[in-house]
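In what comes next, chain A is part of two complexes: it sits with chain B in the first one and with chain C in the second one.
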Partner chain A sequence: MPNALTLDVRQPGSSTAVLDVQGDITADSEKPLMEAYAEAGSAKAIVLNFSGLEYMNSGGIGLLVTLLVRANRAKQKLLAFGLTEHYRQIFELTRIDEAIEIFGSEDEALQAASK
Partner chain B sequence: MTTQEPTNAENWAKPVDSLHIAHDLPDHAINLNVEGKRVASMTSGFGKMWQKTYRVRLDGARVAPQQVVKVWKEHFPEFWQKGQHFFGPMASISPGDVALINVKTGGVKLSTGILVLYADDVSFSFMTPEGHMFTGMITFSARELEDGVTQAEIVALVRAQDPIYELGMMTMGSGAEDRQWLHVLRSLAAHFGVEGKPTLEKICVDRKRQWKRFGNVRRSAAIRTVFYSVTRPLRRKEKTRASA
Partner chain C sequence: MEREPEVTAPPAAVEPVAFELSPTDPLMHYLQQAGGPVEIDKLKLDSPGLEQMRKADVALVVPLVSQGELIGVLSLGPRLSEQQYSADDRKLLENLASTAAPALRVAQLVREEEANIQARERYQQELRIAHLIQQNFLPREQPDIAGWTLSAFYRSAREVGGDFYDFIELDNGRIGVVIGDVTDKGVPAALMMASTRSVLRSVAARFDSPGTVLEHANELLCPDMPPKMFVTCLYAILEPHSGKLVYANAGHNVPYRRRIDCVDELKARGMPLGLLPGSKYEEKDVMISPGEIVLFSSDGIAEAHSTDGEMFGCPRIIDVVTHHASSADLRNEVLDSLHAFTGAEWDQEDDITMVVLDRLPYDASDFAASGEERLATFEIASETGNERAAMQRVVEVVEGLGIDPTRLDKLKTAVAEATMNAIEHGNHNDPDLPVTIEVTKRPRELRVAITDHGGGAQIPDETAPDIDAKLRGEQTPRGWGLFLIKNMVDDMIVTSDEVHHTVTLVFSLGGES
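Presenting the complex of A and B:
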């Protein structure tokens, strides 16, 4: 059974929002992902925390591309951390890592977000 | 970064630096623009980004989504329009497969290909090489609707890779692509004894063109294919002269 996606939105700084991913990202995850993005508001940088990601299929990759387009349109930076080695490779294969900067830890991601 | 392996790792293609077709091809296949090429970045296209969703309900066919996708993978090229060729592995479609495509789109012959990025029992997805008409991803899937009917679906999240393709898409290319996928869904439905009435929903995800990607045109598979076709008689002449 798929684990429905939930996202908690944190704002560790005035211009940065962290979206804590928990569960699966599939094509059916559009609503929670876009609602969390909307909750992040006008933050200059959106940091995706994938530590709680349990499963993602190609539909999930498509959703991340759509999220990236929205962030680019709003002139927001999109960063990520907490990816497993496998999903890091998927980001490299699809070359999404050229548009979403990936970091090993939250501290590194937040530091880059503040630049 | 963590090292925990996900439950669906076998459904994804393994990382590759460049593409390679590992199966035999028929003699008449034109193999250009795939071997040694990189996968096109999902975000590096030039044109407007579109999400096109093609759907067909398989009313009356008592068939599970898994069975639809199994048949779709095994008979994928047979559902294509006449004159459009998909040269994939003989058995089925599996993650990491690289297939050759020879098509005629908008009056232009094109030799290109795809990488099978992902495949499970209810879906499979393709990515394109640099130089292809579009960057992005196309996903083929089936699901059971609330009324119990199985629906087959194609979702293309794409943007034209360079300005020439964008122009082509604005004129004839987009319509040709729509006809192709609607035909595939009708053929798939017919395989299950259903007279399918496929639908198309188009959403413009990004209206902005990425002018910084103008230079993608130098990798255009269309230009390379046209050049290959135009110079073929010369190459034949050379070959004949050399063997004489």
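Presenting the complex of A and C:
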């Protein structure tokens, strides 16, 4: 059963925003994802927390690529953590991991974001 | 027509004179009516035959008439005594003619009959040769394949046609299936059939694609094909394990597939072999599921006529295939229907050939033979998001097979992606069109077949997604579906027919089981 995506946006530092993913990322997730991105504003680094990700499909991957394109244009860095082994493999297969750096924990991600 | 000398004074030598009398020559008609000897001098006819006779110095002509038909003449030169022929002479000649005519007629009939017998013997001999060639080049037995019954039927017409069929064993247990028909009859057709069969066998060993096989066979046959002769031929490759049938057709009769609820025509475009160099052959594929049956036939069935002159026709064949009972032999059902239509007195007009591929239905006894087991078949409505339900169902079905969680995640993603494609691209989100999902297990692999109603259309080649190109905006951000599927499973088999499109995910279960 589809679980609509919700994202909480946190700002642990002045230049970093954390987006807590909860639910599914599919082609239907464009609105919540882009709204959360807008909420993150001009943060230099955006950290995606995938710990609450239930399911992501190719449509969702397409949305992440769209997000990446926008972030690249705005010279923002995209980072991620909390991915299960399966989605981590998918990030590697699609080579999205070359554009979104992946970390094992929030601390590691935040540390990298502040550099 | 000989020049008859006078009996009393035979000359040393008389040259026989031959006349050409055309059936339309007025002299012919005149002699037939004359009723006795005719003096040439007294005739006034515009007749080339008469001219010839005058030149040859013929004086008297005695018609030989048998049963009202002019069958010859006695032509006599002037009497050697230089007297006129007397009334007695004429009487004698008339008597002679009336006795000679029937005897000559009998001799003519005997000679004609001898010629007929010779012609008939030659014809019979040719038929025997044609039969012999035909029999020598048709397979003596059918391949024996687990889970399938392959059968064939061939019966030549009295005048042998050019029908043929063949089973070619290919690598990996695949079978090449051939059915064809050489236009023309008798020895020429039989020889061309033998040559086509050899060409197909050699080309089939070199190429895996039926379209390419027909293309090459056509190139090889074109230069040697006699005028007004060509070969219709269907070539298919059967993968018994999966049920996949790839086929191409060079103008031969369309095969029929019996499914659970309908009969499909397995159409593919292509010119007959030997007509046009450079011909291309459309290639199609279809998945033959357990319980389904495919009938290949020659035009000797569809084009058979009843005593009223009505043709049997394809709709009647489809009707037989539709009502085929799985316990019966489809070949016999077709023949019974045909014979009921043509009547008992039917003189078979053309060769009759059938090849039947029967994929046996699943039942308990087959599990052991094929090692295959159907775990579930279900349908979902074509609505976005339903792929999650499909994924969940498959997870429940395969529970207990001991698939480790990492591998299970891959299967889930592959099932979800393939189902999404079926919903969106195959069924265009039409909730009335279901996506059918069939899960089967074999000793070492799991198969999930996902079928939608997107058959008939060509599937465009999807460009491989490239993240760099996407980030540069040169590719759409989307288009990851097929890429993901291919990377999640061990093999992906795509098949389609006029109506359906099926993606079969092959997932290795590993280890012994």
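Criterion: the second predicted complex is superposed on the first by the 115 of 115 C-alpha atoms of A that agree within 3 Å, B and C clash if a C-alpha of one lies under 4 Å from a C-alpha of the other, contacts with A are read in each partner's own complex, and residues count from 1 in each chain.
In the analysis below, a residue touches a chain if its C-beta (ideal position, glycine included) is under 8 Å from a C-beta of that chain, and two chains touch if they have at least 3 such contacts.
Owing to the predicted nature of the structure, the values given are computational and were not obtained by experimental measurement.
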Worksheet entry | Combined model on chain A where chain B meets chain C, clash or fit | clash
Worksheet item: In the superposed arrangement, does A:16 touch chain B (first), chain C (second), both or neither?
Response: neither
Practice prompt. Kindly classify A:68 by the partners it touches after superposition: chain B alone (first), chain C alone (second), both, or neither?
Written response: both
Discussion item. One more residue to check, A:104. First (chain B), second (chain C), both or neither?
Written reply: first
Discussion item. If we overlay the two complexes on their shared chain A, which of chain B and chain C does A:58 touch? Say first, second, both or neither.
Written reply: both
Worksheet item: Touching A:76 in the superposition: chain B (first), chain C (second), both, neither?
Response: neither
Discussion item. I'd like to know which partner A:49 touches here: chain B for first, chain C for second, both or neither.
Written reply: neither
Discussion item. Under the stated touch criterion, which partner chain does A:88 make contact with: chain B (first), chain C (second), both, or neither?
Written reply: first
Practice prompt. Considering only the stretches 43-51, 169-177 or 223-231 of chain B, report the one that runs into chain C.
Written response: 43-51
Worksheet entry | Interface residues of chain A shared between complexes with chain B and chain C | 27, 55, 57-59, 61-62, 65-66, 68-69, 72, 84-86, 90, 93-96, 98-99
Discussion item. Using the touch definition from the top, list the residues of chain A that touch chain B in their complex.
Written reply: 27, 51, 54-59, 61-62, 65-66, 68-69, 72-73, 81-90, 92-96, 98-99, 104
Worksheet item: Given the complex with chain A, which residues does chain C contribute to the contact?
Response: 384-385, 387-389, 406, 409-410, 413, 416-417, 420, 465, 467-468, 470-471, 473, 476-481, 483-484, 487
Worksheet item: Can you list the residues on chain A that touch chain C in the complex?
Response: 1-2, 24, 26-28, 55, 57-59, 61-63, 65-66, 68-69, 72, 84-86, 90, 93-96, 98-99
Fill in: chain A-facing residues of chain B, complex
1-9, 11-16, 39-44, 49, 51, 117-118, 120, 123, 125, 127, 136-137, 139, 141, 155, 157, 205-206, 208
